[in-house]
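All chains are identified by letter, namely A, B, C, D, E and F, in their written order; residue positions are counted from 1 within each chain.
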Amino acid sequence: MTGHVVVINPNSNEAVTEGLRAALARFAWPGGPRIDCVTLAEGPFGIESQLDSDSVALPLARLVRARTDAAAFVIACYSDPGIDACRSVTAAPVFGMQEAGVMTALARGDRFGVIAIAEASIRRHLRYLRRLGVTGRLAGERPLGISVDESARGAGTFDRLVEVGSALKGDGADVILLGCAGLSAHRARLEAALSVPVIDPTQAAVAMALGTLLAAG
Amino acid sequence: MTGHVVVINPNSNEAVTEGLRAALARFAWPGGPRIDCVTLAEGPFGIESQLDSDSVALPLARLVRARTDAAAFVIACYSDPGIDACRSVTAAPVFGMQEAGVMTALARGDRFGVIAIAEASIRRHLRYLRRLGVTGRLAGERPLGISVDESARGAGTFDRLVEVGSALKGDGADVILLGCAGLSAHRARLEAALSVPVIDPTQAAVAMALGTLLAAG
Amino acid sequence: MTGHVVVINPNSNEAVTEGLRAALARFAWPGGPRIDCVTLAEGPFGIESQLDSDSVALPLARLVRARTDAAAFVIACYSDPGIDACRSVTAAPVFGMQEAGVMTALARGDRFGVIAIAEASIRRHLRYLRRLGVTGRLAGERPLGISVDESARGAGTFDRLVEVGSALKGDGADVILLGCAGLSAHRARLEAALSVPVIDPTQAAVAMALGTLLAAG
Amino acid sequence: MTGHVVVINPNSNEAVTEGLRAALARFAWPGGPRIDCVTLAEGPFGIESQLDSDSVALPLARLVRARTDAAAFVIACYSDPGIDACRSVTAAPVFGMQEAGVMTALARGDRFGVIAIAEASIRRHLRYLRRLGVTGRLAGERPLGISVDESARGAGTFDRLVEVGSALKGDGADVILLGCAGLSAHRARLEAALSVPVIDPTQAAVAMALGTLLAAG
Amino acid sequence: MTGHVVVINPNSNEAVTEGLRAALARFAWPGGPRIDCVTLAEGPFGIESQLDSDSVALPLARLVRARTDAAAFVIACYSDPGIDACRSVTAAPVFGMQEAGVMTALARGDRFGVIAIAEASIRRHLRYLRRLGVTGRLAGERPLGISVDESARGAGTFDRLVEVGSALKGDGADVILLGCAGLSAHRARLEAALSVPVIDPTQAAVAMALGTLLAAG
Amino acid sequence: MTGHVVVINPNSNEAVTEGLRAALARFAWPGGPRIDCVTLAEGPFGIESQLDSDSVALPLARLVRARTDAAAFVIACYSDPGIDACRSVTAAPVFGMQEAGVMTALARGDRFGVIAIAEASIRRHLRYLRRLGVTGRLAGERPLGISVDESARGAGTFDRLVEVGSALKGDGADVILLGCAGLSAHRARLEAALSVPVIDPTQAAVAMALGTLLAAG
């Protein structure tokens, strides 16, 4: 099999890229496609505002254009920043975390709930779901109310995830989607605690990317 | 990694199961999850009518219940027969070909077109798409107008696929979904001919199943 | 007028069939179409699970195929089990209780509320409403939280119906649909208590079936 | 059984009312509810324009308010003129032909086609279907292109109905709804010619009205 | 510039027309289009019921037809009474307050909330929003629970507006639409208090009407 | 009245800005809000590709942030580039041409048709309409098939506009939206030729902006 999957962390926080590498290590096998996690040097330290998100579209497109060795791309930020720009400069598939996460959730349950990091991003996510044409299957989106930084490390994060996940089940969700790239480490344990599938969007996007490569043989 | 993927051909035609094995061989790797293609002995020789589809729900559920060694299931028939029944008897994920194929197509393009084998199945497919809540992104579904049998072997099948795929592009599709398990062999060549992504639903479902296993570690 | 309406109770509980006969007696008149309530001998004693529902599709289709004397069929279980199978084997109209009940409710009010027997069936009902394409007019569905058996007999059932119906009015419903074949006896009194139309789905389906026969003259 | 069904022809053309009486005679039986077809004296001779339609709202409401002997009302014009006004002045159910016809069609087929008399009324009908929330199941609406007068009498009407109905089947319709009160006489023959159910909206509305009375016992 | 904007108060309460004149004075400038606020003499004193609304359709159409000097019309009642009738009798644009208000709100925020005067009118408004095809962007509609009369004068009205507006923000609204012609005087202050755009539908409709005239030059 | 409307041409072609000034001159009056048409110096010479569109988001946001003297902004490119970025950096209203044009069209007709310059941009427009939640009222979008440059000057442009506009009427449109900032000069004449309202999106956005200022008094 030729080519590999380039997973782009669109912020310049190398620790986040390291986290992606750790979370995605299990998606690689000897002789299989290489999963190359890279940092967007030009990105902001974190992508929290609309401007942060818009600021990475062109740098991402340049990076994608430069990586002619890649067989598939994953943009590892839940906002799917620059996804249209990246798609316009390559024939290789470009997967957005939110898009791939949502579509994977829809193949696992009937109505999905999303755990967002912050209240402020929910409106942007919902607007994007309208564009995706799948709001009819959304049970709800609720915020953790913690910072991205805390989300990866905070001791209380897991308890809060269970709390928010349970509330989403009450809203009618039978599958939960993690609305951030930095929550992967909690996925399996949260799934066990909630007794419904929990989808990590980074893993969902990488699985789709691998599927594309395997199908291409 | 424990467990493997059980891909069930719900008809009793062993040649179809052999075809699945051939198409999915590329999804296996040394040390990776086993992909076990099995035939539903109780199934009809082909699933073409509504009764054929309904007739396999209980046998499929029995098979699923019996395979406690499986970590994920794929129902390898585009009608997704018995999917609700199967899901009700196992905690393992159960992927339907149509559902997984549609969701994968939605992560690759903006509006999808479906190539059905027969005119007669289109109404059933559209009804299912309404249940999936994604009709807003359907560009169209068009029939090949050949039998399932011909679809795998017929010399003219590829030309007809190109013709129907082109018509769907004219309908606005920028990604094409093959509406049958038996068309896998044409996928890559058709993608090259049409210059838009072509999704094989069996492969899409197996990629999602593998993603589940890899994520579970 | 030739032909008659065959109302099929898809479970094997003859008492339920008796209840149907009682509830539908008022839909017959001298010289009018005969309303023939029959029990599906092969059915489970009650239809509560997805497997129960799937298990009756083929037996129902066999029964429908055998009753060449019928001019119309009604499947008297709110899940509309086997409706596609039955429709595929007869040219006579086949009415599902849920479908006919929902459509009748939509001709009586602006947004409908559904009283389900059990919480567990609500997700299945909502999925079916998506297939029907009418979720935009659903105000809500709420469970009674009692067993099917209790629903017909329990002394507290009526009070609970009023309570749940009132909650649905608070959700915005101006017409209430009973989500079970066994609640007919409460319809008129509940309508008086709630001051909005209350639709019994069995009666709605039989009215549509009679309409078909009367129109055919 | 007390009360009866008042079917109101909102135009002042008594011949149309006579036609309704003839078409609905088969919906009456000895001892059953009386079906009382009445002419709205204040109505225009025909309802073709928006002003015609708006002009009958108050006279219809007055008539409805005056008929305290009625147990149910049917407004026998496909535009459903004055339906909100009528509903606001009576506790008895008020059925609109278009609304009842559409809902009945949705219980008979998957996607419905409508045969309109005139091109000019199609936009108004579609706007009303959006209000009904069921456009997702419309296959199409096509005009006969003849006058209301011709529609009842013209020799070529039937041939044109078959032609338009066939076109609607090509659009994906598996049930046809007649978009006018004056086409009842063609229903059965057209159904035979098209091999799909053909719904006469007057009969559909009256069947629902009878269903309400029979349910009330 | 020739022609002017005729704003019609469809009720016969001249004080309401005076209020419109006051609220719209700021939309006129020397040499600009005249904004002519007129009272519908035949209208009821207030439009609160469905019958009130239906009663003005024909008189409005007559007034519109008579005002051949007008270049655009605004119907200044949130129910948009008679809008179809008026449009059918003139080639000049006819703006409805609800329609123009909703469309303007959709250009200012992502999801809109509506403050209705009375609970009783909400169902009618929602039905109209379905016809407009924009319910997917409605966050909610909530009543002030005061009379139209109070709404313009009552001392507690503003506090109640803030309360209801805040509740709508909690429902997800990021733009608020005033659901009545008589609340204009509160708009600016409410916008300041809620920190989201507040749309007065009369002003929105007049702005659109002026836009039409300015574009026509 | 304080403040004025800043209309930003996001490409660096000063001739386009001149064209905007000419088209919008009629929206200014002595003593009224100033309409200030400015060129985005950092913009590409034309905005045709996705990258062109993404490239102006940050420069637009900087310009918006710098113009603290503005009371409202209009982004004068049909793609609404950078609209989310601009809105995130100012409390003043920011109008997008497409968004404002669509909403104005929805207040003028029942189903709208869009005339795009190029086939290539239609998919992007439709995706945006899904985000706006109004696809249910789209009759169709069709391309002129000429360059942006030609669109403003070409002799055959008008004939082609009539041709495409007529085709959209055939698709069911009763209002036409011009899908480009450079077609303003044709609006009035095209409206006369097609006999349905023709909306120029720049004028629609400026009218909404003026409405905001006039309402603020």
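What we mean here is this: a contact is a pair of C-beta atoms (placed from the backbone, for glycine too) under 8 Å apart; a residue touches a chain by one contact, two chains touch by 3 or more.
In UniProt terms the chains read A, B, C, D, E, F = Asp/Glu racemase.
Note that this is a predicted model, so its numbers are computed, not measured.
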Checklist outcome for this item: By label, the chains that touch chain D as well as chain E are C, F
Checklist entry - In this assembly, which chains make contact with chain B and also with chain D? => result C, F
Checklist entry - Quick one: chain A and chain C, Cα centre-to-centre, how many Å? => result 43
Checklist entry - How many angstrom lie between the CA centroids of chain A and chain D, rounded to a whole number? => result 52
Checklist outcome for this item: CA centroids of chain A and chain F: separation to the nearest Å works out as 34
Checklist entry - What are the residue numbers in chain C that touch two or more other chains? => result 127, 130, 132-133, 136
Next on the checklist: Using the definition of touching given at the top, classify the network of chains in this structure as line, ring, star, complete or other.
Outcome noted: other
Checklist outcome for this item: So the complete set of touching chain pairs is A-B, A-C, A-E, A-F, B-C, B-D, B-F, C-D, C-E, D-E, D-F, E-F
Checklist entry - Where on chain D does chain F make contact in their complex? => result 123, 126-127, 130, 135
Checklist outcome for this item: In the complex, chain A touches chain C at residues 110-111, 136, 172, 174
Item to check | Of all residues in chain F, those that touch chain E in their complex | outcome: 26-27, 29-32, 93, 95-96, 99-100, 103-104, 106-108, 132-134, 136-137, 187-188, 197, 200, 203-204, 206-208, 210-212, 214-217
Checklist entry - So in the complex, which bits of chain E are touching chain D? => result 49-51, 54-55, 57-58, 61, 82, 84-85, 87-89, 124, 127-128, 130-133
